[in-house]
Amino acid sequence: MAVLVGSETKVLVQGITGREGSFHTKQMLEYGTKIVAGVTPGKGGSEVHGVPVYDSVKEALAENPGINTSIIFVPAPFAPDAVYEAIDAGIKLVVVITEGIPVHDTMRFVNYAKSKGATIIGPNCPGLITPGQSKVGIMPGHIFKPGKVAVVSRSGTLTYEISYMLTREGIGQSTVIGIGGDPIVGLSFTEALKLFEKDEETEALVLIGEIGGDMEERAAAMIKRGEFTKPVVAYIAGRTAPPEKRMGHAGAIIMMGAGTYEGKVKALKDAGVLVAETPFEVPTLVKKALEERKS
Amino acid sequence: MKLYEFEAKEILRMYGVGVPESILVLPGDDVAAKIKEAGLEPPLVVKSQVLVAGRGKAGGIKLVKTVEEAVSVAEELWKKPIKGILPGALLIEKAVPHDVELYTSIIIDRSERRPVILASAFGGMDIEEIAREKPDSIVRLYVDPFVGLRGYEAREVGKKIGLKGKVLNSYASFLQVMYKVFTALEAELVESNPLAISGERVVPLDARIIVDDNSLFRHRELLEKRKVEQRGEFTEWEVKGRGQGLPFVELDGDIGIIGNGAGLTMATMDLVYHFGGRPANFLDIGGGARSELVKKAVSFLLEFPKARKVFINVFGGITRGDEVAKGIVEAVRESKAGKPLVVRLSGTREEEGRKILEDAGIYAYKDPVEAVKKVVSL
Amino acid sequence: MKLYEFEAKEILRMYGVGVPESILVLPGDDVAAKIKEAGLEPPLVVKSQVLVAGRGKAGGIKLVKTVEEAVSVAEELWKKPIKGILPGALLIEKAVPHDVELYTSIIIDRSERRPVILASAFGGMDIEEIAREKPDSIVRLYVDPFVGLRGYEAREVGKKIGLKGKVLNSYASFLQVMYKVFTALEAELVESNPLAISGERVVPLDARIIVDDNSLFRHRELLEKRKVEQRGEFTEWEVKGRGQGLPFVELDGDIGIIGNGAGLTMATMDLVYHFGGRPANFLDIGGGARSELVKKAVSFLLEFPKARKVFINVFGGITRGDEVAKGIVEAVRESKAGKPLVVRLSGTREEEGRKILEDAGIYAYKDPVEAVKKVVSL
Amino acid sequence: MAVLVGSETKVLVQGITGREGSFHTKQMLEYGTKIVAGVTPGKGGSEVHGVPVYDSVKEALAENPGINTSIIFVPAPFAPDAVYEAIDAGIKLVVVITEGIPVHDTMRFVNYAKSKGATIIGPNCPGLITPGQSKVGIMPGHIFKPGKVAVVSRSGTLTYEISYMLTREGIGQSTVIGIGGDPIVGLSFTEALKLFEKDEETEALVLIGEIGGDMEERAAAMIKRGEFTKPVVAYIAGRTAPPEKRMGHAGAIIMMGAGTYEGKVKALKDAGVLVAETPFEVPTLVKKALEERKS
């Protein structure tokens, strides 16, 4: 059933009446995602694309006890509260699309989620999709197809770019996770790798990283220790970005000497990962990796 | 948002830290008069207020023994660019006699998802230098964000970098203030380097604070109280871009670049390099950009003189192709720059967007490699 | 430390709450001039600033329709004691048109060891009255002190007391501010009663804050900023006692009482009553009192006119008998009051203390019942 | 072995070099308490009455791994930090003598202790004693004697007063706990009762309460529910204290209609507790209760 989301996933949309919330609720419904309820405080009793809206998560759960996943489109100043509301109501998978959440807030709710056994994806992420089963995110659904290659990525649009190339080359995906571009995210590369290691449907993994931070290095170390045993193809964005300049809203800033392009690529190569020079090499390398695995 | 040294020290002073006595000199101020008025006795240190690192090595900090010397050094520093940037102000402070310089900072550790305190008995160098030259000297302490930094933990850090007795207690108190500032300001970084031991006290000779831009809506006072215009970090066009809300970074090439999402934008830059081009900038319109923002970004690059041609690479997710197309068409219609423009469009509402562009006579590539090759060749 | 209504409202205003427009009138102020200067338009409410509860019922709050009426009501209120106490100031504020009055407070629940929010749709009455008359209307919410009050929890409270739509969101924001104030000031109580619904907003018509005395060392600004002398809560001798650092409470009888520990002191009062006497006060010298404090306390009661005789009951634990005895002897030596004094001493360093007292001609009982009987009989 | 402290108790004194810390270390040593180490930051390496002093709890524990109890004499502004230091070092019983700790601080460290499985006694308390075995507190030792009656009290000096009367009447004590007079304390009456219910050496219990709060009412409810089955004698101080006046530093303030003398006495009597009118009736009632139990 791939990882985290599948045909059993029943979704609550927090911030469902907003522009993005409403638009993507429609998109997700069209994809086939089981969206059973929405929340916008003060708008309880209304409907969005046929989905009932409640004032609070507690009320939504009382009427729809099957909810097991929430996706959050609430604006940044209020998003942390929405996350806490979801966790406190007992939801175990919370996907935070919202961009621009203060990092101290994220740090706290991610730690809080861990203490309550909940998984956060994001913030500032496109969400995740198990093609053909459930899309809990904002990615265009048609660019994916069911298959055996996992994709895990810090970058939203690059995920689409690379997944679409895989699809066009006939390589389907098990689950694609955009973990988010902020300095602190709920699910890290190593945590995602743990999930995919256990997933029987996944035969190879594409890791899309960026400069900054040490998440790629940690993933490399984990692979080197033999804790992830499937073939990995990686692409790291930001080879030509100047150091100490912040590239947009991204976590991509090289500080304290860690997180350079060269450092990441070296660590990954040392762990036996195939590193693509441009995004367009990824499908070729994936094919190569899958063939090597078979032989 | 990076704070100037003088701003960071003002905040520390508000929290009860004994920072060196000082005056702030703004353009046009009479340095000698200000020093005398404040009763500052030489020796003094004159410090260029810029927001780039490595100021000391670049000659932006000078010790002076007389007021006259201070005046002439100030004149010199006003004219001296640090890494290409002129100071926004000068800070003149009393020199603090000391033998030992420590290093201490608090940052957020991304992997541990907790604040981490980094301390070393070898201050005065960058943390990168310390990490290279005295790696074993760096003490790390992770802090539980729900609990905060405990007094005994602060003392433990001090003890591990070799402090004892009253200096240890003074250091521990200072570290607790640093942590308070870190949380109160929602900072990405609070650093004091060098942090001097002067007698039984610790005195921050330098102080750096970077506030998380995402949290600025809760810290408007930092912007409102700013006495110095924002410079010393950004180029002229970067300041212009930020004024319009565009996260624009200037680079050295001639191909203007717009992408949606930092990753794709960086990958676009990488691809341009790969095929022999040189990006003139980084400009990420983010997720869900509406046509107004796209128009603003495209118009900006059409005006930006370094960009001889403009490349727009959009793969729509939350961003919709029709909104992007509308923005491009409007920007081009209103522009007189006549620069070559290459567009690549995929994803959400791709077809609608493509139609809008074609109706305005703009071809939209599907394949980014083709598009990049095209723009490099122009 | 109890804050005056105007102080509590000033704090709420600082945190962004829209409290009613107002002016503060101090003794000697020209009321009409102040109202005009501030541009306050009648109808207005003139409110006696005292620190005792039940001010409204005691006639300390008056609605006025003209400035002239405000002036005459102010004159009246200045002279009108509320539960025996004259106001320290008057608050004159714009009347807020409203239909509904809510109740909301935050206190610390001792048993749950957490902050608890109490809310009811029936404001305007005391919480005791609400508890008696509308017990089911009271909504309780416990808050995790490490996490704080969540926005969704605040909305839940508002919903449970029947609010909806924009009023609900306004109430939730106000409640979050109350909680911020509660933690920032380390308060024992933050209360708004009545809290009015005016249009789509909630407006605190009254506000009470009690700050934990033990935390005042971190909140000196509250004392420093106080514009009004501390009165309206304590009697003349209580103010004197507090001025000397003595936790002195005035009562109606004629036997001055000193004990160590609140429990023993209360038990001593109870015992005095039991044997037919009437305590003139409560005065607990606490644990570990040194002779200086004991002397101060004894001297204070020797001067306190209501106390015709003085009873000292000490059972030493952290308090040492010799220190107590020294303090008593010195106080008696320096006093000219000539009041009868009965001492009971047991516990740590009892023998040493007994000796010191006997050397000064003061007999010390071992048995408290005997001692109480003695002092009642005098 | 009575409850919480006994002959196995090995004590650390935090704030040992201060006036009270040093004085009571001597007193406790003379009583026979096993004090093995002390802490005062910056004074590590010295000795107090033969007890070695360390800079931190961690260092004290490293050299004296048997420590299982800490007693805190640190001044109020620094006491919470000392409590956290003890808990974080793994000490499971922390006795806080210090008076004047802000109630928000106490609230936090008491909750923290619970989450770490540690027990706090106090703050603002005289400590606890198992007569003849271990005294971890500031009570005069000679007024107690070993026996079968537990004493649990919100008031320090009243505890001495009543225990001493019991001793003079020949009634020994199993363990005497001064739980502290602050609005929030680490060990409540009901929690103490749970411990004494399980303790085989305890045959009856004396509960010394005060006006204010609802701890006595909760203990009464617990007794009524049959969760504490041994005879209880109670005395409540403050019968004649006027409402809404704060009696000293104590938690004794009657607010919000709860915690009156009459309410407490009624609840206790309803639960079958013998309530003494004055402290001096307590020994008589205890004797009566013990005799009834036997018959």
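Going by the order they are written in, the chains are A, B, C and D; count residues from 1 in each one.
To be clear about the criterion, a residue touches a chain if its C-beta (ideal position, glycine included) is under 8 Å from a C-beta of that chain, and two chains touch if they have at least 3 such contacts.
Computed from a predicted structure; not experimentally measured.
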Taking each chain's mean CA coordinate, subunit A and subunit D are separated, in whole Å, by 52
In whole angstrom, the CA-centroid distance of subunit A from subunit B equals 28
In whole angstrom, the CA-centroid distance of subunit B from subunit D equals 54
By the touch definition above, subunit D meets two or more other chains at residues 112
Where subunit C touches two or more other chains simultaneously, the residues are 146-147
Contact graph of the chains (line, ring, star, complete, other): other
Pairwise touch list, complete, is A-B, A-C, B-C, B-D, C-D
Touching subunit B in the complex, subunit A uses residues 20, 24, 27, 76-77, 97, 99-105, 107-108, 110-112, 126, 137-140, 143, 153-161, 164, 181, 183-184, 188, 208, 210-211, 213-215, 218, 235, 237-242, 244-252, 255-257, 277-280
Listed in rising order, the residues of subunit C that touch subunit B in the complex are 146-147
Per the touch rule above, subunit C residues touching subunit A in the complex are 147, 150-152, 155-156, 159, 164-166, 168-169
Residue positions on subunit D within touch of subunit B in the complex are 41-42, 55-58, 78, 81-82, 84-85, 88, 112
So, in the complex, the side of subunit C touching subunit D is made of residues 53, 107-108, 110-111, 113-115, 127-128, 131-132, 144-146, 183, 186, 188, 212, 214-215, 217-218, 247, 249, 251, 259-267, 269-274, 279, 282-284, 286-288, 314-319, 346-348, 368-369
